[in-house]
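The data blocks that follow each hold one structure.
In the two complexes below, chain A is the common chain; its partner is chain B in one and chain C in the other.
Presenting the complex of A and B:
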């Protein structure tokens, strides 16, 4: 048996996701009793989860994703070619480790079954957000959060969870590159020109 | 009774004289032999140097030729690695000393970078493949032999690099200082035959071990040495152990 990388058919996306060859190794799906070995397994899984989330623009991962089939995480949480799957207890452990490294935050807070993935940190999102506003000529215009999350023209920010968006805007307000403004149906934001260094 | 020296006092002198001349002759003879030997050795050395330098390119390029040369040296009792200078003959005559050290550094590089995956034990073929990849050369330019020789040059560093024979022509390189007991060597040999997978049941049926012995060997490798990974979703035995260094990775 040879362990090789494998490209997923990956649904509606043109490009499949290249699974690393370790994903074809049967023991990769077992929580290791040796802490040093488990550290490697955790590291590999964290990397895999973040890169897959980025590839498919997924923001949420739930412990349940390892229990039920048909979810958007199936391609990585299970490998039917070798008949292995990640157990939910193992996934819960990996998520806990990722939370400690600020690779995700539990959402809602004070539970550990569901989390928002930081395949970009809020700081990185702040830059993407400001860049998008300025390249699309929307500086000094008041935008509602909804217009950012579901823009008429798809953007890198389409579908960004409200919590991450809020954090990113908050970071921009600290450098005077955004202002939060109350609008009729809630909150809006006005982006201002400025440099990241300010 | 006839005596060579005859009788009488003068015979003593005569005997001493002849003894002295015999001694002279004998030391002359042995001196001549030593000289001859020196001359022969010089000649041999020159011949070997000439051979090595005329075939330097072939020796450096062709692993088979290098191996043959190595074997020839070993047969006539010359260790190419030993010599008055650091690096020995290889360095002096073939400029291979640096090459060998360089290879050593690359072996360390591969061993260290794969250590977290394989627990410090790598299959020889895999090591040769990864070192070749690192050097950007095609397969076959670096032979197992070169790797073994380079690992010898690493010995003074005390890093514990060692080549282990796991039977049926398979060799593995160990890059962490640990003791591999006999049972572990058996487990490694089976893992190599099985593409990395071993189980208690497999050891019991193949080696007629008691289940306790098989379990102890596997658990030691798993928990103490980190040489194998656990798989608790095994279809055949429920629980299996995988030795990453014996698995075939394509990347």
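Presenting the complex of A and C:
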């Protein structure tokens, strides 16, 4: 019964993820009938999923991830040491609860099998985006979305889903810190030095 | 001789008499060593035999020539009886005076009583074996046999038949009844060929389509219905019975003399039974009762077709009789039921009386035992307890045990007090309070303990069953049982409460260690010390039935004290390795959990 945190074996210590001790407890993988107990379970799972997603720069989670092995979520949705895994129905329930707390959004909408994780809220992303643009000296430069998502130098924004990026830029435009510009091959954005933030 | 010939019918005496009886006929009495007088003279062939009387007939079974000399006499022929007590060497005798106007004609239908026939009205298949009278009427609807054809025919005046007394011997063996019936209705002047039932040239009307068929046909030419057989035979009858329509009866070989005797003379209608070996009085009494009973008349159609018609008109047949039968059945059922209920009620009253008497007896026994124990020197004092024990055990076997008599509503009027008394009694059943509810016959270990002596928790239905078994009489209905339960804690020590599980609705009685809180605390302690446990393991630990343990564990889970681990959600192909999906219970590890994983 003595549970302890466990670091995932990811080769190098910096990339290892510190799993909470509760992840080694078999009941954590069971959907509890008692609503009070289950509330705690859900809360801990939400936190685990978000922190892991942030750690691994994961943006999407799908219910199927609980069923198929070899996915990028294996480390937390399964625990081979105690021979337990999260059931897909349980994961679906957790995602539903997270959606209610605006910790993720179903994407595409109107289904509940896959979701975009908001381990940063769109507002936080907007700040990150603006800061990145200013620190890399790209203010007043027109950037395509593609250049933001896959920059030549890895950035905190690498691999950000288009939907989140769009929302973040939308938030920036409202405070006049960004401007969406139509370019030849789609859309572009120009970041402006704003007064807000910082 | 002539009297016997005319009125009796030969039977095969080698057949046991009960086998000769009609289905509605009962054998009443028998007497051996009987001789028969034909008229005033001894009948030489019938001097040593056994006489039987039934509700319908008299049988004489000859001892030496049972096959050839036995005969039966229909009691319906008997008009009057007389008894002669005997004098010196003369044996007691019973005189049977026979009706002047009857012959053994009814025995003509000997064939009919042995065959099944179908009623033309209701198609009921009447079984064989009924008495001649009964077999003439359909057993179901009461419509007389062949009455469809004959009801319009006027009955033959009786004298006609008087002129053909000797026919019986010829007809009796060969002719089916309907032949006889048809012939009976022949108008006085007509020859058999003039029978109304047949056509002009002996043609036979089909009973179904009324087509007149050629006499030699067996089935109707048009519709294929089987034609009444009698018609085919009636031609023989015409040939054979031709003399019968003649005014003067042709005499058979052996009754030449007697046939000339005037029918009205007493001697010609007298049969005497001589009882050579006694038994006459008893037999006579039975015979008289049988004659008075007139069993043959209950369905008696007699020789006269008129009576049949009257019976029919008076509503014995058809739907009326069916309806009446149904009504009668209903009425008798009703009365039976009422009687039964009355019996039950009186039984209940008696039971109460018996309880009271047993109580008195028991008290007296106790008093005697007490007094005798004072003077133990006497011999009786040694024996007394054994007897007392025996009586008491007998009483208890009857369900009447007295020092602890079951409390009934009669004893206590006030309902609330009654419930309290019942609670007190129940507490005795459950916990066993020494003297109460100890059955003398049993070994004390089993009973004195009570149902909950070793168990802290027990299902309600078991308690109810056990209690009522212990009461034996005046059983407690479940509703009352439930009313009693709230009073229970004040009469039990430790207090016994009722508890209902929310998940299944199962109700139990339990002692304090099995309250929700106590059990939860105990279980958490167990899990903390011994690690995760399955329900079965918990049940073993608590020595509870698994189902009951399941209920209680789920209640603990509902309280949030424990959480579950469904092993089935394992990884890979060995998913079911430990417990194969069986739930293991953990202390609630989530309560108060603080995140100790990766930050940021």
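Note that in this section the second predicted complex is superposed on the first by the 191 of 198 C-alpha atoms of A that agree within 3 Å, B and C clash if a C-alpha of one lies under 4 Å from a C-alpha of the other, contacts with A are read in each partner's own complex, and residues count from 1 in each chain.
The rule is short, and it goes like this: contacts are C-beta pairs under 8 Å (C-beta built on N, C-alpha and C of every residue); 3 or more make two chains touch, one makes a residue touch a chain.
None of the values given here were measured: they were computed from a predicted structure.
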item: Fit or clash between chain C and chain B when superposed on chain A; value: clash
item: Touching partner for A:153 - first (chain B), second (chain C), both, neither; value: neither
item: First, second, both or neither for A:25, with chain B first and chain C second; value: both
item: Touched partner set for A:5, first chain B, second chain C, both or neither; value: both
item: Chain B versus chain C as contact partner of A:84, first or second or both or neither; value: both
item: Contact breadth on chain A, by residue count: chain C or chain B; value: C
item: Chain B versus chain C as contact partner of A:48, first or second or both or neither; value: second
item: Partner chain in contact with A:33 - chain B first, chain C second, else both or neither; value: both
item: First, second, both or neither for A:17, with chain B first and chain C second; value: second
item: Superposition clash, chain B versus chain C, among 38-46, 56-64, 110-118 or 128-136; value: 110-118
item: Chain A positions touched by chain B in one structure and by chain C in the second; value: 1, 3, 5, 20-21, 25-30, 32-34, 36-37, 40-41, 83-85
item: Of all residues in chain A, those that touch chain B in their complex; value: 1-5, 20-21, 25-30, 32-34, 36-37, 40-41, 83-85
item: Complex interface listing, chain A residues touching chain C; value: 1, 3, 5, 17-23, 25-30, 32-34, 36-37, 40-41, 44, 47-48, 51-52, 54-55, 78-80, 83-87, 90
item: Sites on chain C touched by chain A in the complex; value: 528, 531-532, 557-558, 560, 563-567, 569-572, 574-575, 577-578, 584, 586-591, 593, 595-600
item: Touching residues (chain side chain B, partner chain A) in the complex; value: 116-117, 119, 195-197, 222-223, 226, 229-235, 240-242, 244, 247-251
